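Chain naming follows the written order as A, B, C and D, and within any one chain the residues start at number 1.
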Amino acid sequence: MNRRVHSREVKAAAMERLRERGVTIDGIAEIVHRMQSPYCEGLTMDLCVESVIAVLEKREIQHAILVGIELDRLADRKQLSEPLQSLIESDEGLFGCDETLALGSVFGYGSIAVTTFGYLDKHKIGMIEKLDTKTDGPIHTFLDDLVASIASAASSRLAHRIRDEEERKGEVPDSHAG
Amino acid sequence: MNRRVHSREVKAAAMERLRERGVTIDGIAEIVHRMQSPYCEGLTMDLCVESVIAVLEKREIQHAILVGIELDRLADRKQLSEPLQSLIESDEGLFGCDETLALGSVFGYGSIAVTTFGYLDKHKIGMIEKLDTKTDGPIHTFLDDLVASIASAASSRLAHRIRDEEERKGEVPDSHAG
Amino acid sequence: MNRRVHSREVKAAAMERLRERGVTIDGIAEIVHRMQSPYCEGLTMDLCVESVIAVLEKREIQHAILVGIELDRLADRKQLSEPLQSLIESDEGLFGCDETLALGSVFGYGSIAVTTFGYLDKHKIGMIEKLDTKTDGPIHTFLDDLVASIASAASSRLAHRIRDEEERKGEVPDSHAG
Amino acid sequence: MNRRVHSREVKAAAMERLRERGVTIDGIAEIVHRMQSPYCEGLTMDLCVESVIAVLEKREIQHAILVGIELDRLADRKQLSEPLQSLIESDEGLFGCDETLALGSVFGYGSIAVTTFGYLDKHKIGMIEKLDTKTDGPIHTFLDDLVASIASAASSRLAHRIRDEEERKGEVPDSHAG
């Protein structure tokens, strides 16, 4: 009776859910660009887009997107039981399950990802700010944390890649004399 | 329009959800007893029950219970969209959101809690085994991890309390001479 | 041969290490005050100090303080082996062990603590800024993250306490009518 | 004055430290084999070795190895200040920093990695058991957790790869009809 779900289907559904809620890869890449350009002169949007796409390939992130947006959508339609309906509808500050779900996929990208996530949670920029302030529109209690988690993971991935590239090009001296 | 939910209401709802899914405080306390009695001679069930009750007082755990059991119940009624419905229904091994949600409240109790949670996830004992093996009954994809997280948190809390008590009684020498 | 260490000794040593490196409870409490006063009208420094002291009572935080400051001190004296000595001395951005060690005790205080920690890591304020910018003085690679973790934990603890207090006073309506 | 350390140097040092403490890639791969063979018929040691090698390529794991083994070595030589020296020497059960440091790199590999780590911490197998029981030899307070973390990360990585391979071969049906 139970069926195994192919990862192609999971990925397609996760991308579709993001699109339906107005989240674009470019919008997330802009956040990555703002977070990482102070540390990386001449950072292009192309590199940021590439990093966001790579992060969205991960099963763990796709699953979190499916769960989080499902809960937001059910809350939109008042289909959750109380008091969960009210907790999600009001984006209750001490709720925490939205951050916990999003953090699960952030850890995978190291401590830079965790600290970037924390920063974005307090200092909402770009698309995250828009998601957070829509007071009349759809509920985005989980979605804003998911977007912050994708942007944080992509930022950390980029920082590591850029360092790897610098080392490959010989910009970091490889000797004890240092 | 939005209302703030009183923590009394959150707690009552979380306890009611556990009861409805057949989870009792005594059942969780038995797992705690089996996990901690090797490290603590003469450990009573009373102390384990007390520790489980204390853990269930935490907002973070109550919120995780509400979210997890809601998702299990919606999956029971086939009210989730695909492919999430199939992922939860089949308790897909690589899903991960069930463990992530449960881990959020485990971290609060330190590293003993995390390792106990990992052990219980692989080596299901007591009530967790029963929840995991019911193939015809209700879906417990999130519930078994929630029970493991409550038991792990209560085990770690107990280990710390017992040590505090030993120190209070002077069983740990308080000097450099050791 | 091995001796068990009394928690009184652990606590005294952790407090002494902080003092030696110039970290005061008041200094940490000021960070807490700046982080939490936007969410809490009329927040007093007394409440912040009390919250910092409570956090410093935790074994997990005391252990992290002992380990982190020990590594900073050994690096000061060039007593670490290479390349660890250089990694810590240069506060290498991708090092990560400093944040990991500090995060261990942050998780215990829930998602507000994790996001506050991330914010403080990017946006160093008060004493953390001073620790981060001393270029000639002692090495504070671990210490600045430890201070951020104590401040984050104390901020989150305070947010939960204030909410509890509001509920106790009846400021949050306790009914489904909301 | 400060020098940037090349990742080649970090990797070489981490591998050398493991070797000096008697830890081999084959020894870790055996643990991976025991953990994953129940879920994967015909799992070869070659695949496990490959997965361990891939995990050891990660900066975050290499840094944790350098920090953890350094602390074990300093404790061996009684070069840590008290009470940290005694806490590490006695492998104090409530210490926690050893698990925290090791967990940092485990998170990167998802929830299977975290639960495998928890299991290995309670149910020490293979090389981890040997490290844990040497009572006269060198101190392995951090090392046994590091080995458990590498084995856990490699186990989780393997589980995800095997699933990807099954999907590539068409063993998981890719349709809603399931």
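Assume contacts are C-beta pairs under 8 Å (C-beta built on N, C-alpha and C of every residue); 3 or more make two chains touch, one makes a residue touch a chain.
Keep in mind that this is a model prediction, so the values were computed, not measured.
By number of C-beta pairs in contact, A-C leads when B-C and A-C are compared. Residue contact pairs shared with A-D exceed half only for one pair among B-D, C-D or B-C, and that pair is B-C. Per-chain Cα centroids separate subunit A from subunit C by 26 Å. Inter-chain centre distance (subunit B to subunit C, centres taken as mean C-alpha positions): 27 Å. Within subunit A, residues 3-5, 9, 59-60, 82, 86, 94, 96, 100, 103-104, 110-111, 160, 163, 176, 178 each touch two or more of the remaining chains.
The touching residues of subunit C, counted against subunit A in their complex, run 39, 82, 86, 93-94, 96, 99-100, 103, 110-112, 114-123, 159-160, 163, 176, 178. Remark: subunit C residues 2-5, 9-10, 13, 59-60, 63-64, 66-67, 70-71, 73-74, 79-84, 86-87, 89-90, 92, 94-97, 100-101, 103-104 touch subunit D in the complex. Interface of subunit B with subunit C (complex): residues 3-9, 59-60, 104, 107-111, 160, 163-164, 167, 172-176, 178.
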